[in-house]
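Same chain, two partners: chain A is paired with chain B first, then with chain C.
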Partner chain A sequence: MTASCTRLAARSPTPGLLEAVADKLLSGRGIWPAVPAIIALTVVAVIPFIILLSLGFSQIEMERGTIVSQSFTLDYLINALSDPLYWTTFQRSMTLALTTTVLCLVLGYPVAYLYLIGGRWTRRAILILTIAPLLTSGIVRTYAWLVILGGRGVVNTALMQMGLIDRPLRIVNTHVAVLIGMVQIHLPVMILPLIALMARQDRRLEEASYNLGASRLGTLWHVILPMSAPAIGTGTALVFTLSYTTFVVPQLLGGGNYLNAATMIYEQVVYSLEWSKGSVSALILMASCLVVLTLIAMATSRITRWTKGRDA
Partner chain B sequence: MKPPRNPALTDRLGIGAMLALAVLSLVILVAPSIIVLMISFDTRAFVSFPPQGFTFDWYRQVFAQDVLVEAMMNSLQVGMAVTILCVLLGVPTALVCVRGRFPGTTALSVYVLVPHMVPGIVLGVAVLFAGALVGIGPSMGLQAISITVFVLAVMVRTVQSRLQRLDASLDEAAANLGATPFQALRTITFPLLMPAIMAGAVFTFIEGFDNISVAIFTHGFRDRPLPIELLAMVQSVNTPLVAAVSGVQILLAILALVAVSFSIGLDGVND
Partner chain C sequence: MMQVPVAKAEQATSAAVLRIAAVSKRFGSMTVLQDCSLSVAEGEIVTLLGPSGCGKTTLLRCIAGFWNPEEGAILIDGQDTVQTPVNRRPVGVVFQSYALFPHLTVAENIGYGLRMRGLPKTEIAARVAAALETVSLSGLGGRYPAQLSGGQQQRVAIARVLVLEPRVLLLDEPFNALDAKLRGAMQVDLRQLIKRLGMTAIFVTHDQEEALTMSDRIAVMRAGRIEQVAPPEEIFDRPATAYVADFIGSSNFWQAEAQAGRVILPDGQDLSTSLTGPVRVMSRPHNLSLQPGALGPWQGRLLFQRSVGALVEYHVTTDSGDMRVMAMRRPAARQPVEGDTVTLGVIDPGLCAVYEP
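Now for the complex of A and B:
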């Protein structure tokens, strides 16, 4: 400590004590500058997670707001797992999230391809159209679908003017409406990692493919698609996590009665104040989410290794 | 780059389908916002498409309703608090992650990611319960600090990736010219990091302003933020008023977009 202080003093002609301390603390060589962040993360995230875990697995007796006794129990987990409502709810969330992820990939990948082959202005337009929705509130974007799909909305007006239907179709409050909203909300999250990869892509590989006589479709299938495996992995993981745990779209486009995992947890925690039940639901949500994310990560690394191995 | 001169029919069809899908996706991305903007100027008192007439009345009403103005102010405050906290906590952490000379810098960058990897509602529930156990109820402060922890990773990652691409020899040069580490940091590194910090600030502000998943469990019941207020309003009000509030938010998003493109350039978002 003293040695380093003298070294600092030697370097700067008139070192104020404050500056010497700042040098020591802020140089970024030691861990000190990160300590406030570590404390915040520990106190506001990690410890609460541990508490959540312990709440889900303990029998708590409370008297006048203070905990009297606490003992380990698996009751809440067993109750949850033997409750058919849990299974249907989580299954609904899972199906919705997986469908959303696949549709986002199907709609998002072509945009990334257009970005790859597009010129400067096409690329810029795609970037703006992708980033702008991310900066807009999810509620605003979901509300737009109420307007589009609603009784007097865009779709119904158009269909009625074309004479295809007499009365407005009921689209809002159906599974389809929720799915449409989900895909649109999460599409930018799929596209961003894909175009980030496309921007780094070495285009000489494509050229080589064309020179060897491959068609555009062949090049896309044999060269571009295999190379985008890591980005597809990132995109699907992000979209899955967000759509599996979302709250807004099912609430707004599914009407009040579309129960997915997130809305169920909200009801347990905020309306019925069932803490242990809510904790267990949150833990199941997190655990099942992690399982799918692990599968995605494993598949991605398998495919990446396979394409690399094939090239070698 | 030269694609083959006379592509086969399947090739044309396949690529055509790809490009058609791409255009469809881009329309899906942008159309909803445009439709909401159109509706917000409708003169009728119910939501219907196509809109008729043109009026700023709904926007006037937005700012005449105390509940909405208050909610906007609340969200602005939370957004600014989150941004400031993320800068204060995140920038030094990014510095340590990249320049730290101790074992465990990698562990540190992973640790920062933990809250971000967890679904927002799980973090929200956890913070609500933990707070209640030590007697801290939901409030604007709790909301701000939870969202900060949730999005800190965004700030750290943005600054970190910029820092990794900075030439380390710039710092060495400063040291050789007699600058203390603090002086080097203040006069060399910080100005170079500014664009990344700005971009991180925009994204963390938006998250603080718009976040629902964490906020719905941690916000103060008397200080409802705008998204929560809006969520209730969308379900109960069927006038273009909601569209006008959305219009205000879209304007905010456009400002944010301009801010991002001035700070790191649009292409920088990818890093």
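Now for the complex of A and C:
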């Protein structure tokens, strides 16, 4: 590392400066090592987002393709907040995201527990089965659900063959189909942080718990669960963010008439070409998402306050 | 090869708090414990001593109930515990790295077992306070384990099991996580604490000094078997097997011939034995004497010498093999130099041991 720095420095016209920057970036102190990522994100995400947001707060008058006047306005935001359609849409998004998150946690935690208590092969199998779905894109997996849940899909065919139903159930284009798709798509994102933590878990803590008289359930509740709180926080935050802002699953499995926040923004921008409306909707989406993430972070930090005093 | 001295058999009566009877444990085709038997009396501290992989930790885990032996019985107060689930055994384990719950405070760690037993909060608080007092940690109940020193963590781990008043205390290399300087003092403290509380304890270590400091009796283990169980002095003075002699302290071995119940020592003295034919004789370095010059039948050449405080360690090559001698330092004028011819002698033939070759 030092050698390459020296070589770079030797070729550079201002060796002192380049070497100083390289040293800062590699020294690992403060935010310096994150600087390249910060610059990249500023260029590709922060600046475009600010431009997008500015559209939601400016009154633009145009004549023959040129801007004649531009002024600050809160009209779009006020209109959005007073429109019941926004409230029901965001409420639907929020309910869907929270339900998905809770279901992913409820379904994912037992898998992580199995990983914890499992042997080498069980652990490998769980890891492979968790990562495998991520190798195909979300769109492909969502189309797969169309095939499975569709009118002549696997589920309906099987139910009809068994004589349980006379005609196909309507699953696709319903809330249930969207929820099934959402849980399946986001489950690995919940499981991965959990099993990463379980892999590091000291198994002797469980033995100590049993030795002190705790049952399996008592050990799960008093030792394993509280100690996995950091990973539950991470998984919950990731799944919530992804499912609150998701577009593909509701669009495909909801059959184009399932309106959530992301599909609404898509329609406003792509179909109605109302960029200002879309911009304000995006702001509301981001702000409400941050509120929930903050609540998750606060709850996690409260539960895991024992990790803070480590070096005290 | 397994020898449990007959004198210890009387402890295998109902008075024993813990009795391990012919326990064997296998993992697949590998036998890790074979026919281990051991009795521990009320208030006794017994150490399982042996190199890593000898089965000492396996035996400890069988007593705790984390594993179950395929054969044999583990009795606590006369009751076989093999069917007793791990969380119902009256056994407290102090783990190698203490296994304190990092998310619980010191007081919550100590109260954990009482809480699992469903005791009322006020009683838990009172007993936790008493336990903190016992291990001199009063005032630290609100800290998290990560905020304590290694020695303090060890005391929390001990208090956490003591508060449940187990019949047997199991300690798995409790000094491993401490730095060498602390160990000596902590060993003495821990022994005194266990004695003061009258606890019966099994202590696992690979460190013979630790074993000599801590134990009333030592069980030396080798490849899944218990080779000898005896008080530390007896283990040192009368090792039952050549392995024990070699493992504990330093020792000199040489080949000899036993005839008519006697073995002639290289210096001309003799020693009685029950063996006949070729044998190995063992003497501790401090049981050999060294004189400068050619004065007797057991002569050799001094290879190397070094002072160890008031003592001098000599390495001497003789016809019987290389010997180590520990003796008091002589006045400088009479101290041999390397290369000199010296004469060795056995101080007390009774302290030599005779083994099968």
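We take it that the second predicted complex is superposed on the first by the 262 of 312 C-alpha atoms of A that agree within 3 Å, B and C clash if a C-alpha of one lies under 4 Å from a C-alpha of the other, contacts with A are read in each partner's own complex, and residues count from 1 in each chain.
Heads up, the rule we're going with is that a residue touches a chain if its C-beta (ideal position, glycine included) is under 8 Å from a C-beta of that chain, and two chains touch if they have at least 3 such contacts.
All of these numbers come straight from a predicted model, not from anything done at the bench.
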Contacts of A:213 with chain B and chain C, given as first, second, both or neither: both
Touched partner set for A:98, first chain B, second chain C, both or neither: neither
Which superposed partner A:159 touches (first chain B, second chain C, both, neither): neither
Partner contacting more residues of chain A (chain B vs chain C): B
Contacts of A:202 with chain B and chain C, given as first, second, both or neither: second
First, second, both or neither for A:306, with chain B first and chain C second: second
Contacts on chain A seen with chain B and repeated with chain C across the two complexes: 207, 210-211, 213-215, 218
In the complex with chain C, residue positions of chain A that touch it: 202, 204-205, 207-215, 218, 222-223, 226-227, 229, 304, 306-307, 309-312
Residue ranges of chain A touching chain B (in the complex, touch as defined): 8, 11-13, 15, 19, 22-23, 26-34, 36-38, 40-41, 44-49, 51-52, 55, 67, 106-108, 110-111, 113-114, 124-133, 135-148, 150, 152-154, 157, 183-184, 187-188, 191-192, 195-196, 199, 203, 206-207, 210-211, 213-218, 220, 241, 244-248, 251-252, 256, 262, 265-266, 269-270, 275, 278-279, 282-283, 285-286, 289
Chain A partner contacts - residues on chain C that touch it in the complex: 64, 66, 86-89, 91-93, 95-97, 99-104, 112-113, 115-117, 143-144, 146-147, 160-161, 164
Footprint of chain A on chain B - complex, ascending: 1-4, 7-8, 10-11, 14-15, 18-26, 28-33, 35-36, 39, 46-50, 85, 88-90, 92-93, 95-102, 104, 108, 111-112, 114-115, 117-123, 125-131, 133, 145-146, 148-150, 152, 156, 175, 178-183, 185, 202, 206, 210, 212-213, 216-217, 226-227, 230-231, 234-235, 242-243, 245-246, 249-250, 252-254, 256-257, 260, 266-267, 269-271
